[in-house]
Amino acid sequence: MRLLIVNSNTSAAVTEIVALSAKRFASADTDLDFATGLFGARVIASRTENTIAGHATLDLVARHADGCDGVMIAVSYDSGLRAARELLDVPVLALTEASLLAALTLGTRIGLVIWGQGATAVYMELIDTYGLGGRICGTRRVDCPVPETPTLRMAMDDAVIAAGQDLIDHADAEVIVLMGAVLSGRSLDLQDRLPVPVLDGMRCGIPLLEAMVRIGAKPAVSGSYAIPGGRASEGLSPELGERLKRTRRGE
Amino acid sequence: MRLLIVNSNTSAAVTEIVALSAKRFASADTDLDFATGLFGARVIASRTENTIAGHATLDLVARHADGCDGVMIAVSYDSGLRAARELLDVPVLALTEASLLAALTLGTRIGLVIWGQGATAVYMELIDTYGLGGRICGTRRVDCPVPETPTLRMAMDDAVIAAGQDLIDHADAEVIVLMGAVLSGRSLDLQDRLPVPVLDGMRCGIPLLEAMVRIGAKPAVSGSYAIPGGRASEGLSPELGERLKRTRRGE
Amino acid sequence: MRLLIVNSNTSAAVTEIVALSAKRFASADTDLDFATGLFGARVIASRTENTIAGHATLDLVARHADGCDGVMIAVSYDSGLRAARELLDVPVLALTEASLLAALTLGTRIGLVIWGQGATAVYMELIDTYGLGGRICGTRRVDCPVPETPTLRMAMDDAVIAAGQDLIDHADAEVIVLMGAVLSGRSLDLQDRLPVPVLDGMRCGIPLLEAMVRIGAKPAVSGSYAIPGGRASEGLSPELGERLKRTRRGE
Amino acid sequence: MRLLIVNSNTSAAVTEIVALSAKRFASADTDLDFATGLFGARVIASRTENTIAGHATLDLVARHADGCDGVMIAVSYDSGLRAARELLDVPVLALTEASLLAALTLGTRIGLVIWGQGATAVYMELIDTYGLGGRICGTRRVDCPVPETPTLRMAMDDAVIAAGQDLIDHADAEVIVLMGAVLSGRSLDLQDRLPVPVLDGMRCGIPLLEAMVRIGAKPAVSGSYAIPGGRASEGLSPELGERLKRTRRGE
Amino acid sequence: MRLLIVNSNTSAAVTEIVALSAKRFASADTDLDFATGLFGARVIASRTENTIAGHATLDLVARHADGCDGVMIAVSYDSGLRAARELLDVPVLALTEASLLAALTLGTRIGLVIWGQGATAVYMELIDTYGLGGRICGTRRVDCPVPETPTLRMAMDDAVIAAGQDLIDHADAEVIVLMGAVLSGRSLDLQDRLPVPVLDGMRCGIPLLEAMVRIGAKPAVSGSYAIPGGRASEGLSPELGERLKRTRRGE
Amino acid sequence: MRLLIVNSNTSAAVTEIVALSAKRFASADTDLDFATGLFGARVIASRTENTIAGHATLDLVARHADGCDGVMIAVSYDSGLRAARELLDVPVLALTEASLLAALTLGTRIGLVIWGQGATAVYMELIDTYGLGGRICGTRRVDCPVPETPTLRMAMDDAVIAAGQDLIDHADAEVIVLMGAVLSGRSLDLQDRLPVPVLDGMRCGIPLLEAMVRIGAKPAVSGSYAIPGGRASEGLSPELGERLKRTRRGE
């Protein structure tokens, strides 16, 4: 199968990191396409940048999703997720929702280790939109710099382990989820250092997306997830403008 | 005071209707500026178009909010509301949240009369993000065409009254809120025909925004609503790109 | 417009303080009437005294609300709020609900700084009746004496700032609300000392009540908020007994 | 043991009906005292009258509770319940809460048959304050006149059975609770006519109150349920005024 | 009346302790039967053992409940409670639910003192199935060994008091419930040492079960609590296999 | 990989049906083992039988799970799911939870089509334990006989389609989940007849279980999901009794 991995940040360097991580978790016979955001923040770090990134996600899938069997939004704020599901005929997942779906099956009480100042509130807003806030038993923030050197990487790893252990000790966490693209894939490397399951978005998202493709649900042709089509718009990329004219309704 | 009224749709005709409605409810000494979306759907009618409109809202406030004392997002999906609050130093309201805030003070059980096919699910998602879903006792949809003639207007009015009465009779609604820009301001004209209070977004939003301006809360200079500033971006309008470089943090 | 400000405590000294605070936040062309509770606790400080105060509120509005355009219950337990809305034809607000409505528009996570021992549980019970408990991220209590001297006032202010900062640092509060009549109006004086918006009941309540008067919703003539009228009673003040005979039903 | 049964209505005729019902469900060795409200509505039927009744309840228990082992508030709006618990050293129950506690043990989904126009919203507000709203699967209203004749009684019974069966058939109710003093004790007479357990407040409340007396929990001497005492008040009955001076704190 | 007390643990020594505690709280004219689990863990301490104990409970009630007026499941995980209610014609209570029902009437905010490592999550899962999770303000764990000597008993008591006081001081607990069979009946002995009401399962459960027997609700003959009957099974005890053939439906 | 498919019913005929369905959805290189319950109901249809089935599930996994990479509990009541997760070192899924996880990614509002009288309440209890009740927009029951002939199959299919369409039309369902083993796999055959995605447990569960195996989370060695081990028991199968002596703690 062919999957499109959308990096809604505008940094090509981030896309390279995402690609390394996605390839690590994809099946041997899965082909991966990658796309980088054409407008918006280099690295999304606020509600404002996330709102812009929602548009960027839609622009990218309008350009690149045709011919793909599934789409992964490789942003931990899941920018534009529900809209992309409405727009496309194939399964769409995103990092945070995917990691939570896996976590639901491994423990009752989920603890979040979050990278990034100010991100906790935004993540909790997002998780509440999924109706899953009640399963979160606590959050801990790690405020390390981006780990561009082995020393910084070790410091980050130690901070993550300390935060996870604190959630286990003081919030009875039964599974730990690492939040933030910087921690993408780290759960696999660190899982021997924590006494409960530890997950992250890319590691969960790629296998779960492959599963959703295989399940093969047909897209909605009525209701709120069947995009109406035939819509007039202005100022969008030709690809996205064209896409708004398509519909599945009445098929 | 000076208020900016943002129409995140790209239809200038809609802005004219919005302007008429906003002026009806503004105080005599309030000046109103209006802005029309520069990209996106003519009339927002799906999650996809709403996601794009979130970006359009931010683009508009980056261009026009300087010098204003408050901002009203005149879209019933409240497109980009929380992000705009993060970006700006002044109060920001939007139609649906404003109508609900007023409704909270007039009855315990709120019934929604919704214009537009498929919109119910999106409105309920929005209202749940405000933590107010538990106050909604029921929803009813009116599927009339846009009321461009007096005959259509009368048909629409009758449908709205019937839907509201049904919510009162079968869902014990104690206050009715009309949802959708098409119904903007209609609650004032129709309130004699329903036996409980009836509200809409513009009628509530303008006076409440004026009140918020007078309350004069200072904006956040730390935490998730204090936009970080100094951010690199690409492909945005110069105004929005510049705005992402500003911050209130550390002021 | 003319507003009635009801002090359901029986202390005239408290009414004087309330009056100073209310006048500070009212528009120039708003006339304010004040009324002091005729029975019950000097200063309400328990569920028992609050229950009695609910009756006292109704007694006062039966005596004084005719001719007023809106009513503010100037008690932070919002004593008798829903009943007063049922009884009267005009908008009724109260301190705590009003401060929360404003706070909802300024941050997602609301922290409460509470004056008074034992009050936390009662406030949370009240807020849960509004369906807003999910927006409260934490509470902190300040146990200072009533600030009757400048020295006590400074100590109280410092305690409030410390409590608010603690909510920001450890509960990710994005807006702070000061609870308790003693703190009425203090949010305006203290807002430069906290890095997120800070509010209190009177400062929010008066402008929001003026806005509700201007919105001009018609009162319920059916349903649970349309008081039945024609009711027999005993032992009440003549004004309240008479009021129970009136109804809006069938108007 | 000796129980005080408080009728917060001011109708002595209602007290007689309450007394008949209470005696039917009390143990042989339980002594019952009865008290009738001294002020307020003859029969409570609105939020306003319920708010006044809260005060009336407190006035009655201040006058009569000394020497009693437990108190039943024989009003289906549970008027003044939490305040009475704060004020007294003995267990206090009320009709609606008691019937729900019993219902919780007999089925997962509880259906309510409610007597009285407009009462549904007020009951649901009350039940939400107990945190039990999630267990209610549906409500049905019976709008019969007070059953003062056998014919009216039969019509009422038939309406109750029809409403209960409708809740079973269309809302999957597993237990039915009859709400409203008019239906007090009727669940015992009607239970053979419904295929799931059916309960009412008095039938559940008296045995549960006797159980609470036997459990013998000690009252709070700190926290929000330990009334502060030493309180100044005005305009109250001497008994209630005196009671506000007592405290359990520091005992 | 005759009550069956089911110890779903397979330890007869535990049954003896349970019997002592149950007799302490039963009325003089109540006869108590006791039964010990025939298979499963000696002392239930995990979800796995609790799941097995659910079956053991049903096996015991199938063997012994005929002729009894009520059943108490004397296990703090309430093993098999809802199933037993479905299977039997008489009231069934269990320790944790019973203690919470009593606690609901004594305070708004309930704090839990829990004996046993790992048990907190399982108790919270259980309490959430009752819809009562929102009333729990905090939990504290005591990790003492089983108090087989007076010295250990004193250490346990001190730990319980310290945990309860901590819930009062830092979580505003208004009533404390002791969780775990080891603490059965201890609330009565310790209640003078805590300033808010303190409860445990057996002390609440026996009087409440007697009350439920006296209330005398008729069992469901339709709906999900009316066991279908006529069921084929294999490998069960003859008593339980036979019981699955019985039904109340259509009676 | 090797997966164990556990049929906790004691009917071998059901296991054959389960096997056909499971093989249909498994990857080519996945080996499937099947096990049939050794005690309990032929076909689980009540809380009682489900409680017994929880034990039967644990007995089967104790006998057969060694050497398997994942376990599917092929019962739509998910009998014994959390306990099996505690007991085993490999991922465990069950039908209803798996279908809901997939549904969460395809629509916001999930409608349930349920086969079996009385099952609705039990399913909702189950779903609430997952914290997912808020995502369910409605339920519909189909009361057809087991479809043992093509005619009955067609009648069942028609009833399912009608129920699903009704959920779409009247409850705004955006995705439909078929509940009950009888409907296992039918969603694939029927999905062209409904205008929104339609799912069932086996079709979602097998691919998702394969994904969870590939994600490869390490099991808990502390906390409530790390079974304590070293436990004494009586009357269990030797395999389950032995299993209770094992632990992962301290590994």
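The first chain written gets the first letter, and so on, giving A, B, C, D, E and F; residue counts start at 1 in each chain.
The working rule: a contact is a pair of C-beta atoms (placed from the backbone, for glycine too) under 8 Å apart; a residue touches a chain by one contact, two chains touch by 3 or more.
Which protein is which chain? UniProt says A, B, C, D, E, F = Hydantoin racemase.
Note that the structure is predicted; figures quoted are calculated from it, not measured.
Trainee: Going only between touching chains, how few steps reach chain D (Hydantoin racemase) from chain A (Hydantoin racemase)?
Mentor: Graph distance in the chain contact network comes out at 2.
Trainee: Which chains make contact with chain C (Hydantoin racemase) and with chain F (Hydantoin racemase) at once?
Mentor: Shared contacts of chain C (Hydantoin racemase) and chain F (Hydantoin racemase): A, B, D, E.
Trainee: Any idea if chain A (Hydantoin racemase) and chain B (Hydantoin racemase) meet via the same residues, over half in common, or different ones?
Mentor: At the contact between chain A (Hydantoin racemase) and chain B (Hydantoin racemase), which are copies of one sequence, the residues are largely the same (over half shared).
Trainee: With centres defined as the mean C-alpha position, give me the chain D (Hydantoin racemase)-chain E (Hydantoin racemase) separation in Å.
Mentor: 27
Trainee: Hey, how far is the Cα centre of chain B (Hydantoin racemase) from the one of chain E (Hydantoin racemase), in Å?
Mentor: Whole-Å distance between the two chain centres: 51.
Trainee: Could you list the positions in chain E (Hydantoin racemase) whose residues touch two or more of the other chains?
Mentor: 82, 108, 120-121, 125, 172, 174, 223-224, 226 - these are the residues of chain E (Hydantoin racemase) that touch more than one other chain.
Trainee: Considering every pair of chains, which are in touch?
Mentor: Contacting pairs: A-B, A-C, A-E, A-F, B-C, B-D, B-F, C-D, C-E, D-E, D-F, E-F.
Trainee: Going by the contact rule at the top, pick out the chain F (Hydantoin racemase) residues touching chain A (Hydantoin racemase) in the complex.
Mentor: Touch list, chain F (Hydantoin racemase) to chain A (Hydantoin racemase): 25, 27, 82, 85, 91-93, 97, 101-102, 104-108, 130-132, 134-135, 168, 172-175, 188, 191-192, 195-199, 203-204, 207-208, 210-212, 214-226.
Trainee: For a test of understanding, state which residues of chain A (Hydantoin racemase) touch chain B (Hydantoin racemase) in their complex under the given definition.
Mentor: Touching chain B (Hydantoin racemase): residues 10, 38-42, 45-52, 54-55, 57-58, 80, 82-84, 86-87, 117-122, 125, 128-129, 223-224, 226-228, 231-236, 240, 244 of chain A (Hydantoin racemase).
Trainee: Please name which positions on chain D (Hydantoin racemase) make contact with chain B (Hydantoin racemase) in the complex.
Mentor: 120-121, 125
Trainee: Enumerate the contact residues on chain B (Hydantoin racemase) facing chain D (Hydantoin racemase) in the complex.
Mentor: 108-109, 172, 174
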